[in-house]
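First subunit A sits with subunit B, and in the next complex the same chain sits with subunit C.
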Partner chain A sequence: MNIVVCVKQVMDPDTPISAFVIDEVEKKVVPAQGIPPVVNGYCENAVEAALQIKAQEGGEGTITILSLGTDFVMDVMKKPLSMGADKMILIQDEHVAELDAAGIVNVLSAAINKIPDVDLVLCGQQASDWDNAHIPMGIAENLNLPCITSALNIEHTGDKLLVQSALPDGYQTLEAPVQSLITVNNLFGEPRYPTLKGIMQASRKSPEIWSISDLGVSSSELEPFLILSELKIPVSEGNCEIIEGEDDADSGRLLALKLREEKII
Partner chain B sequence: MLDYYNVLDLLSSEERQVQSVVRDFLDSEILPHVADWWEKAEFPTHLITKFGEMGLLGANLPAEYGCPQVNNMTYGLIMYELERVDSGFRSFAGVQSALAMYPIYKYGSEDQKKSYLPNMAAGLTIGCFGLTEHEGGSDPDQMKTTARKVGESYLINGSKMWITNGSIADIAIVWAKDEDQIVRGFIVPTDTPGFTANKIQRKMSMRNSITSELIFDDVEIPVTNILPQAKGLSAPLACLTQARFGIAWGSMGVLESVYSDALSFSNIRSTFDKPIASRQLVQDKLVDMVVDHTKGLLLATRLAQLKDAGKMQYQHVSVAKRENARSALNGARSAREILGGSGITLDYSVIRHMLNMETVDTYEGTHDIHTLVIGRDITGQNALV
Partner chain C sequence: MTEILVFCETNEEHLDSSAGELIAAGRKLSSEISLPVSAVIFNPNTQMIKEASSLGADKIYKVNDPKFEQKTDEIFTHGLFESCKQINPTVILAAKTSLGRNVAARTAYRLKSSVAQDCMDIRGDKNSGLISVTRPVYGGNAQAVFTFTKPSNQMVILRVKTFEPLEADNTRTAEEINLEISMPDSKLTVIDTVKQEFEGVRLEDASVIVGGGRGLGGPEAFVHLEELAKILNGAVGASRAVCDAGWLDHSYQIGLTGKTVTPDLYITVAISGASQHMAGCSASKNIIAINKDGEANIFKEASFGVVGDWEQILPAFTEAARELTQS
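Our next item is the complex of A and B:
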């Protein structure tokens, strides 16, 4: 089975708040000094899913990593290859920042169409920078693929996929054709660590670099529907309340009530 | 990684990737538990095969023996990351790689290499290195352990002291004098009758590394277990040069850890209405630490470049081992001081690192022995003997 995994480079979500800076005039997040970006966490889960499917198939097929971005940091972006993916295509283009979700969907869909013999498309459920979760469903819509979200397990039996997909109170098992788009999050399980051998093997692979103009996407397909008019860091207020009860159990009960009142649980 | 002088810019993308992957792995698998293991004097043997899967054992040895065959810079970075977590883990991996696998690789027969190295790289066979005896580890030539050839076997008698991994090892690389008083190396399976390993108790340093006394009472091993190419004391000393290279790197991992703890503590802790980080006396200590780390990292990096270019000499290693182990020990002592009372609990890493560094400054050639090694090299006068 040939699998494409869409992967995004994001700023490290563990960046301390003190290092998180935005340029309000340019309406951009300023990359934190000295803190390298990372591969989006859920995208790593999707790479893990692809590697497990490939292992089920006895190592048959190709896993291609596809990413769209402006300034790729190779130490970071090679991680999926070090984990065991076969190929990487980076669509590197200075205009990416001008695209909205619809434009990104059009570019990635065109890129997937250009890759020969793709069976399955896997995506991280959402990226930890903007947390929009728009892209996977947009690609599925564009490419007319069935879309399953939040997969816990993916099994290839015959010409079908059996996919366990998480629900708020359990999971459902869905049958889907192999040609599908599936999103994955942390519920799929920990992504493997790259091994030293994996890193050395990946060092011998060079990513293919494409640009948006290679993909035959028309300028109207890149025109944003949404315009970013303002970007600000929210002002957060801290407030500490000590919940006291008659004993530990009572304090716990009162705390739970308070949390429910505040709609936290 | 603490990198005040952008030393990482000198490294390749793969070297930096290994450093960051190994850090992620250790931060999630070891760091949360390390203080408990240290307190209970336990070594988490269940992690050994995970180290093997990651490729942390014998990482710089050839791929044909199941090793990742990374360069020495990468090997150094692995030791840095292991020791940043705890010297006991660098000790474990350093002994396995440089003191058990390396002698087999360097002095062993092809059969020995093929039969031991792949399992050792995978963490399925654990090794230890028995050179030091009860009397004066600084002078290994006075060893009393003997190997006598009887027919197609060698009979080993004697004892070894302070042997890392001794009680968990499947094989011991044992250095003993033959009937001609020549130091030879032997692969001794630890289940051979007459072999005993006694775990050394009540250590206040390297508590989560196993250290043992080994006793050999007519231990009979086949002649095929001798390391054919190792003849004379220079063989075990060459192994130690490999291991000391790892210490030069690892010590800087310790210095990063204690410096980071001290820096964040001093920014949070306030006395007389000001954070202690704003005091000149505290800054003096923090600056010494970061400058020592910068110097030590540069020494280690250059040492790795020399080693990768085949130009490293044992005296280069003495400089880096002596300097980096001592500056990490001093840094840990300063960090302990900056943390005040909090510095004596295992809730912070500093006391653990400080106590561990007492060993690191001592083993693999004490600070003073390395002074004399370098002194002999620059003056031509031997003050050791």
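Our next item is the complex of A and C:
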């Protein structure tokens, strides 16, 4: 089975709040000094899912990593390759910043169409920068693929996929054609660590670099539906009353008394 | 200019609680862009229609098909898409529920439009009919305002529990319209659905929640949280770190990618208060922090707190709470 995994480079979501800075005029998040970007967490889970499916097939098929962005940090972006993916295509384009979600969807869909013999498309459920959680749905609609979200397990049996999809209080098992789009998040399980051998192999692979103009996307498909008109850091009130007793246990007791006094308990 | 369409979800015999919130948001928008608020309900009963009209819908579209008994994204996306094609709404409102957010996003793209996810506020411009939304981004570390560029099929997904439903007015009536749509065969087959049995108070409905974080050190600690929850007649919740570590099942997770809760009282124990966690609980009436790090972000969100070791604080707090609430 040939699998495309869409992967996004994002700012490290564990960046301390003190290092999170916004340029309100440019409406941009300023990259934190000395904190490198990361592969979006849920995208790593999707890479893990692809590797497990490929292992089920006895190693048959190709896993292609696809990413659209600017300023790629190669050491960061190579992680999926060192985990075991076969190929990587980077659509590197300075115009990416001007695209909204619909534009990104159209570019990624066109790129997937250009990759030969794709069966399954895997995506992370949500990217931790803009938290859109809808790029995968847009791709599924564009490519007319059935779409399953939040997979817990994916099994290839015969010419079908059996996918467990998480529900708020349980899960559903769905049978889907192999040609589908599936989103993956932390519930799928921890992504594997790259092995030394994997890192060596990845270092010998060079990504294919594409640009948006290679993909035959018309300019009308890149016009935004949504424009960012303001970006700021929300203000929190921050007036917590700290309860202090003689020791921790006493503080706990005083906290209960305080909550009673305030009619909270 | 046409109308503001609300995608109402249902639970067995009633509208889902999110439907009233969406209709309230629709009414607010209606006062700005002077368009009627209509509700689309799939397989409605008379009770649901009564609820939608008393909560503020002007018009109700009824769509009936046995296929809607199965709540899959695929079936409802088809239903909402076909409805929108006939109605051609200016704005569509959906809730950020597990069904709503997927159905809304896919419908938007199928309509060749786009969608704003997880919105906390919405405004309309009377002249242009264009909608602006406020939404948290970067896990809640930043707040963005987005404005649509085309005044039709503007799809907005609202975070649940951000709008208060209006007071039900049983004298209101709404125009009822039947929509006929044909349902294609599904490309996906549901093999089975496994529902987790839940003991005690459901997290989403609890008025008191005791939440535990990674600082508890292991699953054993949750016995103490259960005990406190029982005394206060509440439920136990957790941070993602706890669920990822396998200490509790993912159904306990509160936050951006977990559940959205709005209890009167949320007691956090050894939770740092990362923005992604707060995204699911920041509308709680009172947040209490027990954390050994006085610099932890949770103290920026809490109204009362103790800086110290939970192992000392929690038993004493629980004991005092027991005495106070039982006397």
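Convention: the second predicted complex is superposed on the first by the 238 of 265 C-alpha atoms of A that agree within 3 Å, B and C clash if a C-alpha of one lies under 4 Å from a C-alpha of the other, contacts with A are read in each partner's own complex, and residues count from 1 in each chain.
Keep in mind that, in the parts below, a residue touches a chain if its C-beta (ideal position, glycine included) is under 8 Å from a C-beta of that chain, and two chains touch if they have at least 3 such contacts.
Quantities reported herein were computed from a predicted structural model and do not represent experimental measurements.
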Partner chain in contact with A:Ala55 - subunit B first, subunit C second, else both or neither: neither
Which superposed partner A:Asn132 touches (first subunit B, second subunit C, both, neither): second
Touched partner set for A:Ala97, first subunit B, second subunit C, both or neither: neither
Subunit B versus subunit C as contact partner of A:Ala256, first or second or both or neither: second
Which of subunit B and subunit C A:Ile209 touches, first, second, both or neither: neither
Subunit B versus subunit C as contact partner of A:Val30, first or second or both or neither: neither
More subunit A residues in contact - subunit B or subunit C: C
Touching partner for A:Val21 - first (subunit B), second (subunit C), both, neither: neither
In the complex with subunit C, residue positions of subunit A that touch it: 11, 13, 17, 20, 22, 29, 100-102, 105, 125-126, 128-134, 137-138, 140-142, 146-149, 162, 166-177, 185-187, 190, 223-234, 236-244, 247-253, 255-260, 262, 264-265
Sites on subunit A touched by subunit B in the complex: 36, 74-75, 78-79, 82, 193-197, 199-200, 202-203
Subunit C residues touching subunit A - in the complex, by the definition given at the top: 72-74, 98, 101-102, 105-106, 108-110, 113-118, 132, 135-150, 187-196, 198, 208, 232, 240, 244, 250-251, 256-257, 259, 264-265, 275-276, 286, 288-290, 294, 297, 299-309, 312-321, 324-325
In the complex with subunit A, residue positions of subunit B that touch it: 13-14, 16-18, 20-21, 24-25, 53-56, 59, 68-70, 74
